[in-house]
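First subunit A sits with subunit B, and in the next complex the same chain sits with subunit C.
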Partner chain A sequence: MPASLSCQSVISVRNIVGTSIYNNSGTRTRYVTAACCKNRAARIRVGKGDRPLTYEQALHPHHIGHRKGWLSQHTSNLQGEGGASDRTVEEVFVRCFLFGTFHNCLANEIVIKRRGNMLAVCTLMLQKLPPQKLYFLIGYTETLLSHFYKCPVKLEVQTLEDKAVYKYL
Partner chain B sequence: MATRTLKTSILSLGRIHCHIYGVNVRNPLNRATYATALSINTSSQNKGFPDRGNRGPFNRRSRREAGDPRTDRMPVEQDWTAVYPTATPFRQGSVPLPVRMGFPVKKGVPPEKKGNLELIKIPNFLHLTPLAIKKHCEALKPFCTEWPSALDTGAKCDEHFPVKVESKDYVSAGTSLRNPSARIVHLRVSFCVNYDYAMYLLTVLYHESWKMEAWESEKTVADMEEYSWEDSPSQKNIMSTLVRMQVEGEGEAVREELLGRPEVQEYRDSVTRLKNEGESESSMHQYRDAVKKLLNL
Partner chain C sequence: MAKCIYNLYKKKYKKTIKPIITPIPMEAAFHRFLGQSVTEEDNCPAPTKIMAAPMVVGRNIRTFGRIFVGVSQSFLQGSIGLNACRYHGRSTLFRPLQLPAACLHTGTFSSSLPSSVIVTEEPDTLYQKVAVLVKGHDKAVLDSYEFFAILAAKELGVTLGKVFEPPRNIERLTLLKSVHIFKKHRVQYEMRTHYRCIELSRVTGSTAQVYLEYIQRNLPEGVAMEVTKTSMEKVPEHILEPMWNDPLTEEKPSQ
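Moving on, here comes the complex of A and B:
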């Protein structure tokens, strides 16, 4: 950016000089069209081919609804219903909380389901922790989140040996 | 000492061993291995442990091996309602079907059910097989009575039960069980009924609804149906701003005097209107005018 700006200032000087001394065919013009940047949201770019990606990471956001499902659904987005912002904030908090509590153990994104006023959080975990520690953390998460949100929170955990790889990028 | 060095050498051999077999073990250092005296004891115990998978005999001696999935032990005539008694997300170790879901890679197939998040995302009805529904009905039958055979037409029902009460239940997702729209109940009365008796009933109901129960005193701010400006963050903020704007001193008297001012009353009305009625052109204008007057802009 700074280099191009200085370049442009030089060109403008040359333009002024050019009009008087040189003819116009040697001058450069400035492009003034609007910048259109590439979309970088939630997409991992193609690399050397050694990086394993899960299905969730490999498909881009414009595939949601076509090749991908939704990680959480709630009735607040329907016509005439309220509380959408509250649900969104709750879900973001739950995701961050679980990401920190089960650090390095989550195999994939968290799926949040609501049944009545119960919050069911479905996770896929790697078998990194011994079972006793895992059970303790599950109980801790459920108790703390139930107290925060004053509603029953249930954590449904499935464990895997390794992450399920969809493709390598 | 000798056993410990022997164990570390075996472990290192184990890692190379796995690599030679071509098993995709990424970052073996991330696994929970215990390099303490405890591991020596467990290593002697695990010698008799059955070797699962093709990971080699020396690897992960201190970790408990994962068991077989439940699908391996399912007979064909099993009771499916015991596997899925309630609504639960899809568990690949409990569903003995070779389900695949997802967009296939080029020249490939949809991903399998192991570790498949798409299967977990969608709602499933595995807990609602016809057998499960039959069981539900059988359990509910003792609490139900037969519909009276005399009431077979709508006209007969209207004649005997002229007062109709309509209440709506809402299934909505949220932290609270209550939906504010469910509080509205419609009572329909047809005028061919005993008018005086109906009026008497309505009066009684009206007075009953005004009675305060003991548990109603536990109502918190979050339970309030309407927004009230007193003791709200809005009142606290505007009071502190005005007190700071005033040059004279602090104290309760100053606050009382500020509350009594007409601009503050106008501000209170505009904020209450905004919160209760929602945003509209007129309410936003009212709020803007109140703020301008209050802050002398």
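Moving on, here comes the complex of A and C:
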């Protein structure tokens, strides 16, 4: 049939560009999806069922504002406010710093809140370290970060025995 | 009428701030705000042991101190009650606040030494309208903040004008999903800004300062505030009467 032949000549062999042919219903044409179509941001793919996930990891980013809260709360993303890039860079540094200082002890993502000049870092920790070491590390983080950012930094810590599992994927 | 607008959310990195936060005695803060000089005897010892949410000290008190609602309320409650008798003539009488039941109450307010306050004779500025516009990403947070601000105003005896919600603003960005090529696949982000406006009508300068300081210390994180004050000034004497009525003043320019 001339129609189907012309379609097949149009379909390119290259896998990069994704097209789907709607002209011919009934004929079998090649459907090629581009590698970029699916969203992969902040999502953990479904697996065998043995991987525990926290609530934060289990919900996808389009649930932010509906079922999830915000991990960093500051005013620079509001209409008419500035300084968003500076805040983002600061927060990336703070997260990396805390991830390294409290290695293997963080139960969940860090929540950073800015109240006036003060930086409040709210964390959930596992009870892996003895309390004296934990207190030392908390004081060390607070003083070091306050000297870096020239503003009072306060660490609000809550400890858990184990990670709070929401579901298994 | 003069109009002064200032933004209160801006952080000012003026000098290196000590990491250990010393709480400012509430008395001293109120004195500064009410335009009265603080004498040496005012350095009363730190009244509370509130360390759950320490208050930040700084030159611009307006830009600081968004702390836990309950803590600061409990802190200010005591100080408001104490200062009521002292600032009788200058500002409105404060009654202690009736707090909602679900607030955190840490630390007790111990009575400080009575401080001597210098009362100035200059007249207080009068504001016809003080408009407080709060912006935030979360509408629920703004709802609760509006409830808190209205409650505070009612308790302090501040007359409220209208409280309304300006329409929200959504800023959308459409960006390429991939780092390289794939022009047809994009990602869309949006940033929503919700507003709430609370207007106070016919307040004096000192009342407005105190109310605004209280409101700002309890501003939640992620919420910005803009305050617009419309003050009333006396009409200058030389334009009270038209020039053509007065024949004496007309002779001088003709010479």
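Going forward, the second predicted complex is superposed on the first by the 133 of 169 C-alpha atoms of A that agree within 3 Å, B and C clash if a C-alpha of one lies under 4 Å from a C-alpha of the other, contacts with A are read in each partner's own complex, and residues count from 1 in each chain.
Note that a residue touches a chain if its C-beta (ideal position, glycine included) is under 8 Å from a C-beta of that chain, and two chains touch if they have at least 3 such contacts.
Computed from a predicted model, the values in this text were never measured in an experiment.
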Subunit B or subunit C, by number of subunit A residues touched: B
Subunit B versus subunit C as contact partner of A:E56, first or second or both or neither: first
First (subunit B), second (subunit C), both or neither touched by A:W70: both
Partner chain(s) touched by A:E161 [first = subunit B, second = subunit C, both, neither]: first
Contacts of A:Q79 with subunit B and subunit C, given as first, second, both or neither: second
First (subunit B), second (subunit C), both or neither touched by A:G100: neither
Subunit B versus subunit C as contact partner of A:C37, first or second or both or neither: second
First (subunit B), second (subunit C), both or neither touched by A:E90: first
First, second, both or neither for A:T143, with subunit B first and subunit C second: second
Common ground on subunit A, meaning residues reached by subunit C in one complex and by subunit B in the other: 70, 74-75, 81, 113-117, 120, 150-151
List of subunit A residues in touch with subunit B within their complex: 52, 54-56, 59, 63, 67-71, 74-76, 81, 83, 86-87, 90, 104, 107-109, 111, 113-117, 119-120, 122, 124, 127-131, 149-151, 156, 158-164, 166-167
Footprint of subunit C on subunit A - complex, ascending: 16, 34-37, 39, 65, 70, 73-75, 77-81, 113-118, 120, 142-143, 146-147, 150-154
Residue numbers on subunit B that touch subunit A, as the complex places them: 24, 26, 30-32, 63-64, 66, 87-89, 91-93, 102-103, 105, 111, 114-118, 120-123, 171-177
Touching residues (chain side subunit C, partner subunit A) in the complex: 9, 11-13, 16-19, 21, 54, 56, 58, 63-67, 135-138, 169, 171, 177-178, 181-182, 184-185, 187, 191-193, 219, 221-224
